[in-house]
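The structure appears below as structure tokens.
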Amino acid sequence: MNFYSFTGGCFFLLGLITAGFSSAKTPLTTDGSNKRDPVFIAGGATLVYGVDENRDLIRLRQLDLDTLESKPYYESANRHHVEVAFSRDGRYISYTECTGNLTAQFVIKDLQEKKDFFVKHSGRGGTRSPAFAPDNSVVVYAFAEKGPQQLWSVDMEAKNKKQLTQCEGISNWPSFTPDGKTIVFSNTRENNYEIYSMDANGSNEKRLTENTIMDIRPVASPNGKQIAFTSLRNGFYNVYVMNLDGANVRQVTDSEERDDYPTWHPDGRRLAIVSERKGKFDLYMVDVPTSGKVTTKR
Amino acid sequence: MRRFFTFLSACILSHQFHGDPVSFSKDLAPILLTKCQSCHGPKKAKGKYRVDTFLRAMDKGASDQPGFTPRNLDESEVYYRLTTDDKDERMPSEGDPLSSKQIALFKRWIEEGSTFDGEQGASLASIIPPPVHPRSPEKYSLRIPIQALAYGADGNELFVGGYHEITVWNPKDGKLLRRIGNIGQRSYAIDLSPNGRLLAVACGAPGLYGEVRLLDASNGKLIDVLARTPDVALDARFAPDGTKLATASTDGRIRVFEQREQEWGILKTFVNHSDWVNAVTWSSDGKRLASASRDKTAKVFDLESGKRVVTFSGHSGSVNGVAFHPDGKQVYSTSDDKLLALWKIEDGKKSRDVHRFGAGVHKILSSGESLFISSNDKIAYEYSLQEGRQRNQFTGHGDWALSITFDSLNKLVASSGFDGRIHIWNHADAKAIHSFFALPGYELVEPTEISLE
Amino acid sequence: MKIIYPVFFLLFLGLTCAGKPKISFNHEVLPILSKQGCSQGSCHGAPHGKGHFRLSLRAFDPSLDSHTIFREELGRRINPIEPSKSLLLLKPTMAIAHEGGQRLKVDSFEYNLIRDWIREGCPTPEEEAKCVKLEIQPGGSKLLKWPEFNLQLSARATFSDGSSRDVTRLAVFTTSDENVAVVTPAGKVTGQNRGQVAILVRYLEQVQSIRITFSRKPEGFTWKAPSPVNYIDEKVLAKLRILHYPPSPLISDSTFLRRIHLDLTGLLPKAAVVRTFLSDKTTDKRSELIDSLLDSPDYAKYWARKWGDLLRLSRKQVGEGAVYKFADWLERSIATNQSYDDFARDLLTAKGSSLLNPEANFIRTTINAEDAMESTSQLFLGSRIQCAKCHNHPFERWTQDNYYGLTAFFAQTKTKKLGKSEETFVWDAKEGEVRHPVTGKHLPPWVPDTGAFELPPDKDRRQVFAEWLTKPSNPFFAKVEVNRIWASLMGIGIVEPFDDFRDTNPPSNQPLLEALAKDFVQSGFNRRDLIRKIVNSNAYQTSAESNEFNRDDTRFFSFRQPRRLEAEQLVDALGQVTGKPMKFPGVPNKVKAVHLPAPDLAQKNRSMIGDIEFLKVFGQPERQTVCSCERAGDAGLGQALQLFNGKLFNSMLTAGDSLFRKSLSAKKPLSEIVENLHLSSLSRFPNEKEKAIALAYLEKATDKGKALEDLCWAILNRNEFLFNH
Amino acid sequence: MLDFGNFKARDCENGVGRRSFLKTASALPFAFGAGYGGIDLEAARKLGDRAKAKSVILLWLWGGPSHIDTFDPKPEAPMEYRGPFGVIPTKTDGLQVTELLPQLAKRSHLYSVIRSMQTTNGGHPGAGTVGLTGFEENPTVHPNFGSIMSKHRGRSGALPPFFYLGQGIPRDLPRRIEGYGGGTLGKAYDPFLVSCSENGKVGIPTLDLLPGMTPNRIHNRRGLMAQLDDTSRKLDGDGVDGWNQAHHAAYGLLTDPKARDSFDLTTESQSTRDAYGQTSFGQSCLLARRLVETGVPYVQVNWSEYVETFTPNGDFGWDTHIYNFELLQDRHCPIFDRAFSALLDDMNSRGLLEDTLVIATGEFGRTPKISNRAAREHHKDCYFSVWAGAGIQPGRAIGESDKRGERPVTDPITPLMMGTTIAELSGIGARERAEMKVLDGGKVINELL
């Protein structure tokens, strides 16, 4: 089926597909602008996400899940803020902020003490995708200091920087299991992004996916048993879940347009995702199937 | 009617007299092929309309009218386009209208229900019944270039491409032994099967048709017509075990046929070159093919996987000939750029320029331990296959040397020229034995000695 | 690559007896391929050919073509056994679909000729006599009167072996104007409308042209014309008479005043000047005005600017310092009425520092000898010779040899940038030759008509060229300048485009051009004198309004062609009417746009960069080439938008201290303000209707200032203002 | 402008201007006697038909998109080169692309890709000028390909011949591209700037009324002008007519909302607008299609005004010195894949692809070797361009780069060749180019044809 052809028939078909999932899929926004990196806070009552607000500004907004009203997270922000993360208790927030031409700073804000900490690295690279350990002991993030992009950790005051991974290729999107013992992430040493898990200290690495196209943005579920992620394995960006060991892969969305950026609702039964529909990007809530279309590891 | 080649006219006329239903493949396809396809084919598709298969010819173009609607002349856009008085709309655009007889055929065929009598999805060129070619001239009035040449199995016969024929000569005395007719207008390559029983002839008429004819070498009986295309076929080579035949055509395709009991069926088609494929050759294990193309590249293909293995783009002119090095890891190629190059299959990089000739060079005959190469510098060459060292030069051609063949039994070399003359050489010392015009009945007024230097 | 074809001596023996072949490849087959368009630049004559078939452009390389036709792709194009089945014939007859369309008819003369050549075995003798002369009958120029609008031409070629033959069917005929006359491939000319054409006949490398005038008397035609003032009028009227284009009436004083100011100074007359002139009752006031304008500095500045356009006078090309010096030099040349031959010699032979000898900037702006030659040819010979660089000019007499022969004059001229990057030193090295790109031979300096020069090594080549160029007998030099001046004043050249002299682009009035050139030479190349004669003529003072008989004349000067004001004229005019002249970078305030030495003077004030846009959008040239085509005259949306909604014009209109606002503040009566607006913009008093409309608009408005802005806008957007008419 | 007996813009080869020839031929249907086979008339028509491309759309991917991560992946290259993206096949033999371009992969039969582009300049404004004019900006700024086209085609109708769609003239932080417009041909051939928001709303700077101006006032002014004009005989002549048209068109655009219909994307069906994606680039592509549909000869769609991908107030060009992989994956490639695919489909289904040339390219590529910042830097020695439409043989992979994508192994193809090919396909032959003194020495990319 070809979405791009301009015949009514195609849209009819597309409608059917969307309808097939509509029982489990709820739109949260309808404005259509380019969104990214949603994350739940306040026990699932609020969703924070990044949005292309102007052609020259990405900023964070927060969406009230009850009223579906959205407002800027920082009213006065006038610089790009991307890849926001919150600590489990809501005390810390961290994100990457554009500070100048092709430069970014990685900030950890202690909301309780109202202090900002900045992570410093040599070089002008940019940090990516921070994740807080459940016990607020460290923030793990991805950064390329020289050569391959590795995972690093710092404490809440941006001190005690440690390099967690020592692998080839590009590593990205670390996510902690709730017990803080395991980190799942993606790495490209096998030619494209595959999902791995490892112990929080960087040992005991296991490869969870195996195919020739990307498996990205793994996020551990609130009960620590599952991983939601995005994959192109059927030719389109779709969201999947699998067990923590990589088994039992289930397809959550099935669309020829993009479904991406899965994030777990604290209830562990739903995911918020960004879906492109008819060229517009909006946030949706989808149910995680307990069973369903199971795909193999490949 | 002079504009139409004889065989087409013959087909068309015979049907009109017999009152048979009009046949799409016999009657209309030839017209669509020659009159329409160059603008409405896979390459151009003007007005978004194509005629290269039956279904496409029936389909709508940009005008949103079907090409043909059975029993409905008014809703047959092609018929309207053929017959309208509006010069801007009439087809063929910028040419004379079709003859009234041809138009009548279309009309009758539509009225008879526009049936299709060919294989679904097949190209026009391949559904037209193989032509019965006109007779060759009894005597050749002018000389034609000879580019197809092959020794018979025992060396007693030399097969030479003629005009609508293969002529068979006694290489020892230059006497005409027999003539095999019903061949395409010009032959571009002849290959004898390893068991000596079959002849494959790549032939065609420039701009009109191409085909590869399979003949019984002993009696010239036609066995099959393969690889039919809208322009000439340029090469045909049997696999080392004789069960397969690779062909090279001006449509940029390499086709591989295999023998299935009595029939030869298509096994694989390689669509990778963007221009004429001038030559094709087999690796000694029969698993790979090397090709030479006017697109200035040579390529190697793997037969089983159907994949291109490598592209060699080190030539600056049309590549004309290819041969595998005995190590199976390298390939020789010749080109209009005057080079004989040796390059590696592994990475498509040149091993070395083996030789730079004084002019463009043609196909390579790889035989035993030698490479035989003919050149526009009027010399034929022999190189050792293994080292690529020159062994011999065969001088004496009065014009471009176009093709060369080797009789390993009698240790003789024959080469042919643009002037229609065959030269026979002794392999051991490269001494000229004799030469003759391989053109039946051609009378030379001038003395046979053509001293050039 | 040299190809030898010994075999050709044998090939034709099959059908014909030994001896001279019946068909000549060089003299017949190639001309046919050229005539049918096969070897033209857009078809197989393109540098890479078409459809893998490449012929030399217009068959200038016979040996390459014989190779291509006979041998390439293993002889695929020729079928010796059945000649009519040769691809060479099947394609152009569309027996096989041919992207180039049908070019040959089966059994036509051309078809048979090619077929017979194949039948003979494609003979291409290596040595064939060269065509040395082409004669057209009837030759010269011809006048055809309705209804006799047909003329059969014939062409005869003479060859180097002394033989000659009729080549009418082999030669290519082209018309310079299909609207006036068409010509068949067989040389039959048929007039379509009254007017004048050149029919160009080309055979091999020879080119000839004839001029034909078609005269037809329209129904109800009456001839009425003012009596001639000088020889210019005589020649113009003679032509108009033949073509039955009666001239439009002479212009009023106000139109004359506006026109002559714009043409001689680039500026509009001020309101006070208009009042004075219109009230002046003397009979020869127009001539007096002409004299005084020609003596004014404004004239010298404006006409120097025209040369600045042609000589690439820009900061980018000559450097900031030299801009002013070169501009001054040009202005002085005009102001002192330097004779034109002197002027040309100065430019062409200048040596030394570009700052001390500003005329040396002419050489400085050229990139190399070829560019210097191309610029010189275009400026002083009126020839765009570039095409001949790569191949013989297909429509002109210029050959590749000529191109490099002319270049040889500049081959020894060297330039060097001195310490200060703005200064360039020009000298003659007394060594350096031009190599022909094909033959690789050195070519001696060469000029048309005289031929090659043998110069001793120490001779200054540019000097020799300048001497040849400025000789009174030079057929190009005076005509090109005369025509350039004529075009400046009349809006259109006698040859048009005015710097494009060639056989295919004949002058619309040859006797006029000849007479002007003769006069110019005799006056000692006195430019001011020539201008004076032209602007005093009735031809110049003819109205822009056409009449029923001359409406479709665009070339013969029966009425004036309105021209939109040049970018600089417009800016100055807007500034004058509003009293808010534009300020330009790099020059003192009040310097007019038409007096700017260069278009790209440095703008230090960033906020003003946008203002320059106005000039550029209206077509001020960048002065990067010597082509007159840089000054874009096309009407564009961007230009119109500038007038409706452009910052510059709007700021002039809305300025608190504009002329009309000052008058308003001074409580001048509205009628007087309206009158002054008309005088300063249209050089005339408003008529009663205009006055009434304007006053009504102003009176009903509450904000008079804004209403005046509107009125001013409306007047300045009238074509009567925007055009020089 | 005069059309007859005037050799301006003449075809050096045939001595007659293309347009005047056409005008003449069509005005004089019986001009050529029947006895001569009509061959010359056909020749005349042919001459006019020479332009395969009536219009050109250039998608200008400003900033320098990574070739390795898009159209020239090197999955066999070492880890520090190949990047993280998987590789997927296309319909074109010998062409594979990264997984970031799934829609374009499916449409590769509609276009050909050149993977052996090479330019001379490694900085943005410099390379931008080379990319859009074929030449370095020193000592002389040559005209943009679109300016050459507008000079050759002349102005016709109400719309300008050369559009820039996007936020402004492409620039990096310190300065803009010199070769954005008319160059040696003059500012009169500069592009006409129109911006398009992600919602399809257009902004046209020159149509933004100045303070104090209102449509009503413009209307009044022009009414007053017309009243005054009615008092006397009007000027006539071709030049006057052309000016009147332009004046009228400007008036319409400024005052009549309907006159802006060509720009108004709301008249497009929602499904069409959706197909292009709700992005500024996507909607600009749709606007480009609308413009060529109305006959505009040259439209350049600028991906962004600023090259930098991550900078305050920048608009996300392809200059991915930082976050190369993240931005290509999350933002640039999905937007490009969707918009370009939609454009190809839309043009194709409307038959516009037959006589419109569509090209997508940037000013250079990006270093195959991944930088210490896990991104890629400028790389002038090798990049890509994508060609579709008029006169282009689609479905080809042209040229190859070496194993690491560092430089072409086949003959490099340059911006000058790109411009020459654009000109050639648009009917601006070698001689016309010589006469305009543009694209000197440029060769046509024959592999495309």
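Per-chain residue numbering starts at 1, and chain names A, B, C and D are given in the order in which the chains are listed.
What we mean here is this: a residue touches a chain if its C-beta (ideal position, glycine included) is under 8 Å from a C-beta of that chain, and two chains touch if they have at least 3 such contacts.
Every value quoted in this text rests on a predicted model; they were computed, and no experiment measured them.
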Chain of greatest Cα-centre distance to chain B: A
Higher-contact pair (C-beta pairs counted), C-D versus A-D: C-D
Chain nearest the overall Cα centroid: D
Length of the line joining the C-alpha centres of chain C and chain D, rounded to whole Å: 31
Centre-of-Cα separation between chain D and chain A, whole angstrom: 37
Separation of mean Cα positions, chain C and chain B [Å, integer]: 54
Centroid spacing, where centroids are CA-atom means, of chain B and chain D in whole angstrom: 42
Sites on chain D at which at least two other chains make contact: 42, 46
For chain A, residues that touch 2 or more chains besides their own: none
Numbers and ranges of chain B residues touching at least 2 other chains: 94
Chain-chain contacts as defined at top: A-D, B-C, B-D, C-D
Chain A residues touching chain D - in the complex, by the definition given at the top: 2-6, 8, 11, 32-34, 36, 52, 55-57, 78-80, 98-104, 123-126, 128, 144-149, 168-170, 172, 188-189, 191-193, 212-214, 216, 232, 235-237, 258, 260, 276, 278-281
Residues of chain D touching chain B in the complex: 42, 46, 93-94, 351, 354, 393, 396, 400, 409-410, 447
List of chain D residues in touch with chain C within their complex: 1-2, 4-8, 12-16, 21, 24-25, 27-28, 31-33, 35-37, 39-40, 42-43, 46-47, 50, 139-140, 151, 154-155, 158-160, 182-190, 192, 206-210, 212-213, 217-218, 220-222, 224-225, 227-229, 231-240, 242-247, 249-251, 253-254, 429-431, 434-437, 444, 446
Partner chain D, residues of chain C touching it in the complex: 36-37, 40-42, 46-48, 100-103, 105, 108, 174, 176-180, 182, 184-186, 188, 190, 192, 195-197, 200, 316, 384, 386-387, 389, 394-395, 492, 496-497, 500, 504-505, 508, 544-546, 554-555, 561-564, 613, 616-622, 624-625, 627, 629-641, 643-645, 647, 650, 654, 687, 689-690, 693-694, 697, 710-711, 713-715, 717-720, 722-723, 725
Chain C-facing residues of chain B, complex: 2-5, 34-39, 92-96, 137, 140-145, 147, 163, 185, 188, 205-208, 232, 294, 398-400, 402, 418-419, 442, 444-446, 450, 452
